[in-house]
Structures are given as structure tokens and as C-alpha cells.
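Chain naming follows the written order as A, B, C, D, E, F, G and H, and within any one chain the residues start at number 1.
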Amino acid sequence: MAERPTGAGFDEIASLDQIAQLDLGRADRRGYPEAVFCEGKTADQVARIAAALAAQPQVSLFTRVRLEHVAAISSVLPDAAYDSEARLVAWPPEPPPSTGGPVLVLAAGTSDLPVAREALLTARYLGRDSDLVVDVGVAGLHRILAQVPRLRTAKAIVVAAGMDGALPSVVAGLVSAPVVAVPTSVGYGAAFEGLAALLTMLNACAPGVAVVNIDNGYGAGHLAAQIAAP
Amino acid sequence: MAERPTGAGFDEIASLDQIAQLDLGRADRRGYPEAVFCEGKTADQVARIAAALAAQPQVSLFTRVRLEHVAAISSVLPDAAYDSEARLVAWPPEPPPSTGGPVLVLAAGTSDLPVAREALLTARYLGRDSDLVVDVGVAGLHRILAQVPRLRTAKAIVVAAGMDGALPSVVAGLVSAPVVAVPTSVGYGAAFEGLAALLTMLNACAPGVAVVNIDNGYGAGHLAAQIAAP
Amino acid sequence: MAERPTGAGFDEIASLDQIAQLDLGRADRRGYPEAVFCEGKTADQVARIAAALAAQPQVSLFTRVRLEHVAAISSVLPDAAYDSEARLVAWPPEPPPSTGGPVLVLAAGTSDLPVAREALLTARYLGRDSDLVVDVGVAGLHRILAQVPRLRTAKAIVVAAGMDGALPSVVAGLVSAPVVAVPTSVGYGAAFEGLAALLTMLNACAPGVAVVNIDNGYGAGHLAAQIAAP
Amino acid sequence: MAERPTGAGFDEIASLDQIAQLDLGRADRRGYPEAVFCEGKTADQVARIAAALAAQPQVSLFTRVRLEHVAAISSVLPDAAYDSEARLVAWPPEPPPSTGGPVLVLAAGTSDLPVAREALLTARYLGRDSDLVVDVGVAGLHRILAQVPRLRTAKAIVVAAGMDGALPSVVAGLVSAPVVAVPTSVGYGAAFEGLAALLTMLNACAPGVAVVNIDNGYGAGHLAAQIAAP
Amino acid sequence: MAERPTGAGFDEIASLDQIAQLDLGRADRRGYPEAVFCEGKTADQVARIAAALAAQPQVSLFTRVRLEHVAAISSVLPDAAYDSEARLVAWPPEPPPSTGGPVLVLAAGTSDLPVAREALLTARYLGRDSDLVVDVGVAGLHRILAQVPRLRTAKAIVVAAGMDGALPSVVAGLVSAPVVAVPTSVGYGAAFEGLAALLTMLNACAPGVAVVNIDNGYGAGHLAAQIAAP
Amino acid sequence: MAERPTGAGFDEIASLDQIAQLDLGRADRRGYPEAVFCEGKTADQVARIAAALAAQPQVSLFTRVRLEHVAAISSVLPDAAYDSEARLVAWPPEPPPSTGGPVLVLAAGTSDLPVAREALLTARYLGRDSDLVVDVGVAGLHRILAQVPRLRTAKAIVVAAGMDGALPSVVAGLVSAPVVAVPTSVGYGAAFEGLAALLTMLNACAPGVAVVNIDNGYGAGHLAAQIAAP
Amino acid sequence: MAERPTGAGFDEIASLDQIAQLDLGRADRRGYPEAVFCEGKTADQVARIAAALAAQPQVSLFTRVRLEHVAAISSVLPDAAYDSEARLVAWPPEPPPSTGGPVLVLAAGTSDLPVAREALLTARYLGRDSDLVVDVGVAGLHRILAQVPRLRTAKAIVVAAGMDGALPSVVAGLVSAPVVAVPTSVGYGAAFEGLAALLTMLNACAPGVAVVNIDNGYGAGHLAAQIAAP
Amino acid sequence: MAERPTGAGFDEIASLDQIAQLDLGRADRRGYPEAVFCEGKTADQVARIAAALAAQPQVSLFTRVRLEHVAAISSVLPDAAYDSEARLVAWPPEPPPSTGGPVLVLAAGTSDLPVAREALLTARYLGRDSDLVVDVGVAGLHRILAQVPRLRTAKAIVVAAGMDGALPSVVAGLVSAPVVAVPTSVGYGAAFEGLAALLTMLNACAPGVAVVNIDNGYGAGHLAAQIAAP
């Protein structure tokens, strides 16, 4: 049995148009380039998209890559930079010069690092000066209290936290900048893959908490970059 | 049409046995007397139960009372004490002398007071020295930090919190005593009537948090009294 | 039966300390004053808090007021301003002079007006120039497209939408400023009191969407004011 | 230990009757032939069913096939057509001549292609002229607006979308034909495997949206074929 | 305290523009006029909208009206027709002449009548010949089987069902026309206000079932009218 | 504005056929007569149905009646029997002579009585010898253990329980007869209106537990009557 | 590092008592022997339990076995019978002679066969005459209608169905025997792994449906055996 | 493409500070040392943390280890003790001398053993005399009744149970000590990975039940150790 036989009910998939329409005007329209969400795309699809992006000068981010995606991108954009923890590929490899205010990314625990790094690198590649502080969860409150002066220098703060997701409420109560809260799927049982942390953050008793989707480090970094824009 | 006509398919309800079997042995077996959960009972049913309890010497608590329950109890036990905020009736009106260690009850916000008071009074009527601190939520962290020395004197700490339910994690990280966390239905939207706070507490990143049902001030006070028992 | 008999297990509630601890330092610490969430508080509790706030010079907002709260506040702060649609009371009645960038509030439908107005007024009382556009839902796309030039002048955009909650995705794809998305409980059936709109917004296919709790107009306005701060 | 020993409590499974009752009258009764849902069936069961279908002249569709199902069908119907992206096998391989009105299938993003192609091919094998447009999600609204003239020529429009699932609302607001909305499990976190998109579509603020199950490309194509029937 | 004092932070609401933007072009663009969803609107808002609609010749439907809405509409459009069971107001009172194919509406039980009638009247006012059959649930299968000849004459069939929501699966298996399934909130306990019926319908084992929101009789009638359009 | 004006888009509702189709053949087909579920029906609809039932000799049960339903039935069937706790009306008032085996109904707590009595009376009116035991929840295990000899005489046992819903597991482990478990909405917070008890019963660690819908005393009694049929 | 070093904090697991307490009295107490639920048990644990059961004469069922469990049981009870579809092992291999009434098991679709066979074999090994009918789902109603005479001969009917789970409602409406409804996890998307079918069955509009847990073929067969007991 | 190329947007991860901040003061502050939650951490991260802990004298627990974690810890702390069932590593291998009261751990079924052993070993390594009783679920009530004298000697009782989660209610009704209830994910279908047991325990009809997260044996053992502290 031939797969997708010509002349029958099945189309040939031959051109980029049949799988994607790149939104190259987005940088003009919104000020930020499009990113390629790789989950659910085949390596072949990602390679075609990478080839199209190679022909234009914008910063390109590929998010949630698997190893086969990395190989596919690499075959087209061999100097692209890859961060295995954040599952992110960036091209060109050098981030642009920093503009706007500083972004600070907090990871409540070590297990929140992948999401936190995705936020960190996204903000940096969108042009913000960005830094990361790890393992400052509320179970040992002295750790976040020691960071208060540094927290107050940021124009936007990203907080990645799983389990009880309590850190954004605490941080938002200490600063005037907006807090971008990104729940992570860290935890088990009644954490319900990040749902518990998500609900905590939506119900933060301190105002000033901007919530994004579970494990959405890219979205958190993008939002922080917008908030801290010049 | 006669309601419940005799001789038909309908029984007369004539005696206490047909509506309840009091567990008067519970104080012997468990060390704590039974409480009467009034929600879902008619005033008449509560009155019959109160009459049966009047004949024995144990502390009797009636929880989640409505005004018609209060009137019904009062007609049988005229000296019973009633707290409208906690929706609790106690008889005899004087709590027993304190034994065991101190119990401290925290209310994260003013709106958590009804649940917190139900816990406070339950612990007190079960024989513990009990005290209450109000409005120490994590949005203004200095308020709970100012209580640390006092927190460390308690043998059991009850924390009532709605919305993000973040306070128990923070408190448990500061003390060695168990924290009894009681989520409240305070909040709206994605608070889902206390579900958000419940999940937060079940996922507390600090160990030592004992969770009870949403708005279950009675259960929280009872558990705290057991933990702080002599 | 006396309510809360002295000398028994019940405390007298006599002072403000026993119901709330005002966070008067919040304006210094965060740059924004505390608001009083009135749902779940008695009129008496709100009156005591209003009296305490009258003694200090900050802008005070009372949110989610019922008529009995309005009367209670009015007895203490007779010149306070009240908006019945937003269920908001502000004191002093004049908002402060505008600083920072403009905030634009969109209501997807007429039924989203209460939440949208709560956001509008909150941003205005926190010092931002704020404006409102109504009934620009995606079912008639020409309505939001006609607003694009105006959308692009805002430093922060609040979008209140119920039912499918699709408007924030569309708006975020058209502008560079962050979009604060506030799901409303408008709708029925599988809208699940705003849950559907909440999930839509958390999964917005355009980055740059900051989600707050269902019906949380206050939080949306506060976050927008922070984003558009000078 | 013998598997299913004869003479014990275990039956021999020997004939097609013991695993399936083909509904060969369905084409007469309903006008459309039965499809074979392969998920949860063994390759052996699918082969037996294919053999029975080979003896009759109707169009046969096998949906949600895995590779072992393809091999099993191929051994019985060697000229069947297979589309690996749609996970669909059709026999006979040529679709019938087109009747009725045109069906247009939209995929909001590249990752929605498998579901969109399942809808496309189903409609085509049920006798409709069907076409596919890809990557027209609402984050870049110009892409769908450019398709409006084409949208208005369709008798039925299928829209496959994951994440926020906002595209059907937008499309339904632009055309008079019914929109068949099929939520996909594309996304992560609070997408809850397609639940978010499903709820969005059920709450579409524009009427005229017919919702089918998550990832149900077959059902969407079938419904569109019925709507566009002659 | 003056409500919305002029000169303070509160706007006067003076014109229709500030509460709604009527989509009067919808009939041109889509072929069907806009309906006014009255739930969540004040009587005053509905009256203003009715006044604006009075000035143009299209059929106007007001859905989910309460008695105060009826009075408000009546003051502006005194000859409007009102159906108390469907909670629907139509103006002008005479439906347009029928075009297209017949629509048949089924109510599984007596309690599903309000939703079924909303669908019936919507389809009729959008120009379809529409009829209603009541109490044909699957618990007594002979009732629906007796209707099969009539079912087969319809161009579109609406099925309103609560509780187990099983009727659409059965009907879709008997006919070639699409079935528009509208789950109702009839039932209790694990019916979860229509969720059980909704899930049943989304998982209908017979293809050809188009699902709309719980209790959305208007949407069901609209969709049926589109399917049966000339 | 006339309600349902003749000659417009609105039908007159004039006959029983337009609101219900009585399944009078059910007693022949199934051996048990149909019951009338009154929730969601108007008093007028119930009266018409009662009038139709008056003309035939079967036992008729009206479930989930409100006071207006009782009055409506009473006007047609003045000798009908009414149980206010079970919210049940039966006609003729005398239950039929008992056949089959005995049915025993257990109520875990006093608040479960309404559901338990609905089950009790249903079984009795369907011809079974039925009895009730109250307040035998697992918190005081001696109460149910004292009933073991009696439990073992029943041919079917109904257990109504809310909150933790643990009683059916315990009872099923003690007897050989099937246990019909009916979760009640008694409880609060994480009882989620009976969901917790429902899940407990579905996961009973002892086999032999037949679960029905939350608060479905009628269904429980009916099922028990079938199990204990001669 | 030695696993579980003696003399440290880790116990040796040496005897059956430390992993299980066989309930050998259950056949006396309940009339049915205990079954061994193998999911979550190691092969070694199952082997120890099998060895203990070998020493006594009751029928032993091992449910939800994986291949390693089969091997482990086989090493102890080499003549045990194994059904790979039902994932069931029985010993002794011959079922007991039939007593009581006949049990009929229906599978709505082919994919429901594993659950249906588990029910069939359980009922047979507990001593009932049991038979199986496959693929009689409601999408082709003639298939179940053709079985009505056979359905009416059964003392208990088990119905296994996934997806919409509509078959039990239809069957219960046709017979006087109780219907044991077992939802299966067959389906996808909004089937939510059997939840949709479970809810459908709990809300069956025909009384007489006894629901068990999703995929619980063992429980369904056990309950049917009890209902059809002599 | 180099992973994390220097000089680009990617940081070197070089020191422990960049992945974790050990809370070595926790033993002083709380009286109990920190544990290392290994799920979601890489083997390399765990090894670095283990190396840091080797330099200080406290008891260290590593929870939820996979085999690669065990190897990593072993390379740094070669005499650490490992329990494969509890997935726990402890160092130093000898638990401290017992203080405080006895802790008793109950496993409702054999499949609950992993969680029960995690609780047992945690309590033992935190300094309590701890013991384990297995397979005392409520389906065979005589098993738990036989343990009553032993239950009454414990200062704290941990109950691990999946499926219906009914055991804690029963145990709490028999003793005066607090019961720490830990739901397990044992079960299938409507057990919803432990959710059913969790809800049961939160709704325990006997007071005195302290609930922790699903499968949280560590948390249960920790809480029991606190309750039974000297």
C-alpha cells in the first residue's frame, strides 16, 4: 500500500505554504519577532520553517525542542545556540544589546530551573538585561528576604514555582514592579501537574501578579520583556 | 391529602432512635465527646438530640447552627453559650480547665474570622489554652514575622486562610510544631469556593502541614486539641 | 441564651486589632496603597477599617461593596465616591493627577461592563490616565479593528471578556504593549462561571497576555497601573 | 499454563460475530457508510473486519490506525490508501466523485494538521469537494482576513484549533455557513489536552458553531459532509 | 455620598455607545441578524438597545429575558411577542415566511421544554419551517422509534436532552441529516448542571452530532436554521 | 405585549401530548410503573400528568415534589399520600402487598434521612417489605456492627451516606447481598455536593456495591426492589 | 550501597504477614471468595499470595495481571487458567457448576471486549451461567432490538460501554432485571478516560442501572453474580 | 551547534549556588533537617547537593529517588542506606536513637506499601520509634479490629490507603491520637490517581484526621514525627 498515492484522495505536501504561514510582519506590528513552538511539529516541518527564517534578519526562537528538532535546525542554521535545560534554540546565537529595564527571574526550587531558564533566555533574546536567582522558596523565608534589595532594582520580576506556588504572592507584597508568575508542573498528587500552583497564583492575595500558562517560560519571559521595554 | 397517613406506606417518626443514635461512648473511647453537626438537620431533630445530651455530663458542641437551631437548643439548654460568628453553641457554657499545651489560631484575613473562631472555641472547649491572631496574610510579610516568637511557644498552630492559602507554608517553615491548615471559602472566581486554598495547602513546600476540609474550623480545632493533648 | 457571654469561652471583640491589621506601610513599600476587599466582611468591620483609614492621607479603595458597606463607609467618610456598577468606593473622591502612560480598558460585551469599570477606576485612582471602549467582541471583528490606532497608543491594555474569552488573543496579536486579560463570569453552561474564558486566556496563542482572576477588575486595573507606571 | 484452555471457563473466539457486528445497512439507513475506529482494537480484529468489508462495495474508512493496523488492512485490501499524518486508511483508494457543496478545512496552526487532514479526507471520501488552509490562527489576524472571500464560497467550514481555540468564533462571525469546530489537544499546561479549546468553542460568542469531540477530525469531516450534502 | 459624582473619577454613562455597539451589518455579512443576550444586562441597557433596533427593519430576538427585560422592551416595542417558557422576545411579532428545509426539534423530557422551545422559535424567526416533538427519551424507546418517518423528513434535527443526554446518539444513528445536540441542565447530582449530558453528546458513538453549549436553545435553533438554509 | 399571541411564531400549548407522552406500557414491559420526576416541571404540567394517571390502575410515584406540586396532585388525586421528608407523593395511598425478599435501608447520619426515606418508600410502593436503620456511620463502628445479624437477613441493602461515603464499603464486606450505595449531598467544602461520597462508593474496596446518582433515593429504592424481586 | 542493610533503619521483609493478610474467611462471611488485585503488586508478592491460596480449596481469581504476574502464579499453580484479553487468572481452572439465574454480558463495541470478558469470566467462576453479546451499541439500534427476547431471559445484565455510555439506559428501559453498567475507558478527548460514560450511566433516565467503577469488569461480574444468586 | 556556547546568551552553570541554596539552618529553626526531593532533579544536581550535605552532621533524606539518583548519591556518600520500595535514601545509614512517642503506620492494602514504608522510615530517621501493619483495609473489618489495642498505644498513627480511602475514618473513630491520612494513587478509573481517596479523607466523618498530599509518605512520616515529638 503506497502512502499518500497520487491521483487518489490524498494530497502531496510539497511546499512550506501547506504547513505554515510565517508571520514575518510580527516584528513590525508588535515589536517582537515570532517564535516557533516545536512541540507537535515534525523535524521536517521545523527544518522548513528554519530555512525560511534563515533568509530574514530577525531574532528567531525555537521553543520546546526535542533532540530531533535541534538536529533539524542545526542542519539549516549551524551556528544557532541551544540550551538543553530550557529546551530552547536561538538564532543568531548572540542576543541583541540590552535595552529597557532589568528583568529578574526567580526559581522557587531547583526543579523549576528549566522553566526559569526558558524565561531568562527569552527575555535576554528579546533585548532585556536578565538575571536568575534559584531556590528561594517560602519554606525557608530568609532566602527570599535576603534578595529584597535586588528585587527592588528590577523593572519586571518573573517567578517560576510549582507545588504550592506561594512565592509570587510573597514577592508581589515586597516590591512595586509587576510580578510575572509562571506555575510549573513540578510536584505530584494534588499538584495536578501545575494546576495547584496556577490557582494559587490567580488568587494571590497581593495585587500585581500577572499569571501565564503552566510551564510557559517563553510566555513569561516575553511578557517581562514587554513590561520592561524602554 | 394527609401527610404521612398512618396505616399506609409511611412510618410515624416518634422517637429519637428513628433519627439518631448518640455516640455517648465516644468520650470514653476517644477521649473527646461527640459534636452535633447541625447543617442538614431540622430544628426539631436538633432539639431532640439536645434533650438527650442534657441528661449526661459531657461537653456538647453544636456546629454550623442556624438561628432556628439556636432557638431549639436554647429551649432545652437555656444556659448554653452561642457565638454567632463561629456559628457554634456550647454546653455547659463554661469551657473545662486547660490542660496540655497552648494552641494558637491564625486568620490570614478578616474574612477568615468565622472559621478561625470555630477552631479557637473548639480547642478551648476540648480543654486547651487557645488564642487567636488576625490578619497576618503573606501580602504584608512583616505581620507574620512579628509573631514568630509567639508562634514558637505553641504546641499546635491552626492557620485559616482563603484565596491563595499561602500562609501555612510560610508558618510551617518557621516553627517545629505541626500546623493545622484549614482552607476557607473566602475569595471568588478561581478560588473555587476554597479549592485553590485547599490545593495550595496539600502541596505546601514545607513539611508539617496537616490539612482539613474547607471551612472546617471545628475539625481544625479538634485536631489541634489532640496534637496539643497532655 | 446570651450571645458571647463574658467569662465563658467566648472573647469580647472590642478593638480593630482583633479584626484587621492595616498595612499602612504598603504605599511606602510597594508604591501603591492597600485596598479593602469587602466581600465576607460585615458592615461593622468595614466601618472600623474606614475609620482607621480616615486618619491617614492615602487613596483608599473599597472593592466588591454591597449596599450595607456603602452606608457604613459613608457614615465615616461622607465625601467618598461610589460607583454602583463597579461596586467600588474611593476616598478621597478625586483621583490623583495622572502620571505614567495611558491605560485602555476594553469590554468585550455590555455584560462585562461591571468588571471593566472596576479596572478603569482602579487604574485611574492609582494615578493613570485611563479610558474605556465597550462591546468590541470578536463576533463582529470590524469593531476591534476600528480601534487599532487607539490600541497602539496605550502603555497597557486591559481586556475584560466572558464566554469564549477570545478577545485578548486577538488584541495581543495587534499591539506591542502587554495585555492584562480579566476573564468574567458572563455566560452560562459550559462557561462554568468564567472558567472557560480563564482557560482561553491562559492559552492565548499570542504572547504578551497577563491573566488575572475571574471578575478581578481591581487586580487588572492595579496591574495595568503598575505596567504603565512612570 | 495454557491460555484460554478449552473445556474450562474460557471461550474460544472463533468467528467475526464474537468480536463485531458490522452495520452494513448504515449506508442505506443514513446515507453514509460505517467507519472502523481502530484504537483499542487488535490488528487481528481489524483484519477480520477488513476482510468482511472487502466483500461489499461501500467506501470504507479506518480511523486512528497504528502501523500494525495498516499492515493488517494491507494484507486484506492491498490497494487501500493510507495517510500517515491523518492516521487514516481508505478503501477503495479513489474517493467517489464530488457532489453537494464545497467544504473548507482550516488548521489554526501547523500542529493542528493531523486533525485537519483527517477531516479533509473524511469529507472527500464521503463525496464532498474539500480543501485545506493552514496556519491562520488569530495571533496574526491578517492571515484569516485574507481568506474571507474563499471562506464565503464554502457550504461548510471545519476549523481545527488547539490552545485558546479562538479561531471558530472569529470565522463564524464572518460567514453565513455553519462552522464545524474541532478542538485539538495541541498545547500544554492549562490547555488540559484540548479541554480549554473545547470550552472556548462551546462558548463561542458568534452563533453557528457546531462543536465535536477533541481531536475528532473524522467526526468533523463527517458532519461537514452532511451539512454540505446535495 | 453621591453615586458617580461628576468631576471625580467616575464617568457619566450617557449614550448607547458607552454600553453597546450594535452589529447592524451582521445580517448583510452573515445572513442572520444579531440577537440580544439579556442575561447580565440591566433593564435600562436592554431598553436602549431595543430603541436602537426599532429604527431598522431586521428581525430582532431578545434571549434569556427576565420579567424586567420584557417590560423594558415592551415600553419601546409594544407589539413584540413574548414566550415565557422560552424566555424569548421577538420583534416584529410575525416570523418571516419559511424558506429552506424543515427543522424538527425534539425534547427528551417535559423538563427540557424551555430549551427546546427557544430552539424552535429561533429557527422559525430565522425563516425555517419548524416543529416540536416532546418526551421521546430513550427510557421508552418505542416513542422515538414511532417518529422515525417524521425524523427522516427533516433537513436538520435539534435534540434537547438533560440527564444522560443519550437521545442524540440514538437519533443520529437513524437519519442522514445532521443532529444539533443541546444538553440541558435538567437533572441533579452527577448531572453536574448539564455537564454529563454535554460529555455524552460530545462522545456520541454515531457521527453527525453537532454540539452546542448547555441550555443554548438559541444557538441550537440558529445552527439548525443555517444547516437547513435554502 | 401578549404572551404567546396566536397567529404569530408561538404555538398554543393545549394538550397533554404537547408536554409529555406517558409510558403506560412500562409496567408491562419492565414490571414496574413509570414515576413522575417533578423537578423542572410546572405545577400545571404535573397536574395534567396526574389526571392522566388517575385513569389507570398502576401505582404512581411523584418524586422531588415541591409544595406547589403537592397541591396540584392533591387537586386531582385527593387521597394520594405525601411524605414531606422524602418529597414523595404516592397514589393509591396504600402500598401493594409485599412480595420478594426484604429490603433494608441504612442512613449513615441523621442528615441522610430524606434520601434514605425516598429509597424506603419507593421500595415499599414497588412491593417489597422494607425497613430503615438510622445513624450507623463508621465514626462509631459499634453501631453498624450491632446490626450485622439484621443486615444478613436482607435480600438487598440500600446505604445512603454523604461526607466520606465510607459506609457501603464496610457493609459490603460483611454480607453476601448486593449493597445499593446512594451518595448524598450532605457535607460541605471538599464534599463537593456529594461528589466525594460518589467517588468513594465507586472505588469501594469490597465488591458488591451498586452505585446510583447523588441523592437518588428513588433510583436506589427501585434498584433494590428489582434485586429483591421474587 | 547495600539495599535495605540489616541493623539500620530498614526492615527485612521476610514473611507473607508483612505484605498481606489473606481474608480466607470471606467466603464464609460473604459467600464469595477474595480476589487478588495484581496491579501495583510485584510478581514476588503475587507469588507468595498464590502459594498461600494453593493450600486452601476456594476458587481464586487474580485480576489485572501483567505477564510477569502470570509467570509468577504459574510457577505456583501450574494448572491455573489465563485469559489474556480479560487479564484474568483463575484457579482451579474449571469454574464451579452453575447455580442461580443466567447472567448476560453486553459489550457496546469491540473495544469494550476486555472489560466485558473480565465480567463474563468473573460471573462464571462465581458460579453463574454467563454469556456474552458483542457490538450492540446504540448507533445501530437494530442490533440491540434484535436481542430483546434474550435480554428478557437474564436475571442480571452487565453492559460494558465507553464513549457516550448510552447503552445501559436503553437496555434498562427494555427489561425488568437490574442492569449492571460498567463504563470503559474506550474513547478519547472528552471521553476523559471513561468519565463521560460513567456520568451518563449515573444519570440514566431509566431506573434500574447499578453503576460500578470505570473498567471494573471484575466488580460488574461479581455484582451480577450476587444479583443472580440462587 | 554547541550546547550553551560561551559568550552567547547562555550562562555556564558552574556552582551549587546556581542550582540550589541548602537550608542548613532548618534543623535549628524547625528541629528537623531538610530533605532533598529528587523528582525533577538531574543526577548531577543531586550529586552536588549530596556533596554539600556530606560536610555537615545532620540526618539527610533523599526522597523519590530513581536509580540514577541512587548511583549519584552513592558516589558521594557510599555508606548511605537505600530502600527500593520507599524510593528513599538516608545518610548516615543508622537512624538516630528514638525519642518521643511511638508512631504506627498502617497500609490498607499491599499496594500501599511503598507509601507506607516511606512514612515509616521518615518517622524513624526523624527519631521516632515506628512500626508498620499491612493489609488492614475495611473490606475485612476484623483485621483492623484485631489491632485496636495496638492502635491505642500509638502517639500518632499514619494510615496509607488508596481506592475508597475509607480506613482513616474508621481508625480515627477508635482512638484518641491524631490520624495522619495519606491517600495513595492505588486504584484505577474513578480513583483518579488518588483524588477519590483524598476527598474521602478530607470528609472523614470522624474528627482527628490530618490529611497530606497523595502519595506523600515523606510528609506523613514527618508530620507524625512532629505530633509524637517529646
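The criterion applied here is as follows: contacts are C-beta pairs under 8 Å (C-beta built on N, C-alpha and C of every residue); 3 or more make two chains touch, one makes a residue touch a chain.
Owing to the predicted nature of the structure, the values given are computational and were not obtained by experimental measurement.
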Steps needed, at fewest, to go from subunit E to subunit G via touching chains: 1
Chains contacting each of subunit F and subunit G, listed by label: E, H
Copy pair subunit G, subunit H: interface residue numbering same or different (half cut): different
Between subunit B and its twin subunit F, rotation from the CA superposition, multiple of 5 degrees: 90
C-D or A-C, whichever has more C-beta pairs in contact: C-D
Subunit A and subunit H: spacing of chain centres that average the CA atoms, whole Å: 33
Euclidean distance of C-alpha centroids - subunit B vs subunit H, Å: 28
Averaged-CA centre spacing for the pair subunit F and subunit A, given as whole angstrom: 54
Multi-partner residues of subunit D (each touching 2 or more other chains): 109, 139-140, 173-174, 189-191, 195, 198, 202-203, 213-214
Listing of all chain pairs that touch each other, if any do: A-B, A-C, A-D, A-H, B-C, B-F, B-H, C-D, C-E, D-E, D-G, E-F, E-G, F-G, F-H, G-H
In the complex, subunit E residues that touch subunit C: 1-5, 7-11, 13, 17-21, 23, 25-26, 37, 39-41, 45, 49, 64, 183, 185, 193-195, 198, 213-216
Residues of subunit G defined as touching subunit D within the complex: 70, 73-74, 77-84, 89-90, 93-95, 109-111, 113, 121, 124-125, 132, 134-136, 139-140, 142-143, 186, 188-191
Interface residues, subunit B side, partner subunit A - complex: 108-109, 137-141, 145, 163-166, 169-170, 172-174, 187, 189-192, 195-197, 199-206
Touching residues (chain side subunit D, partner subunit E) in the complex: 29-32, 35, 173-178, 180, 198, 202-203, 207-214, 218-219, 222-223, 226-227, 229
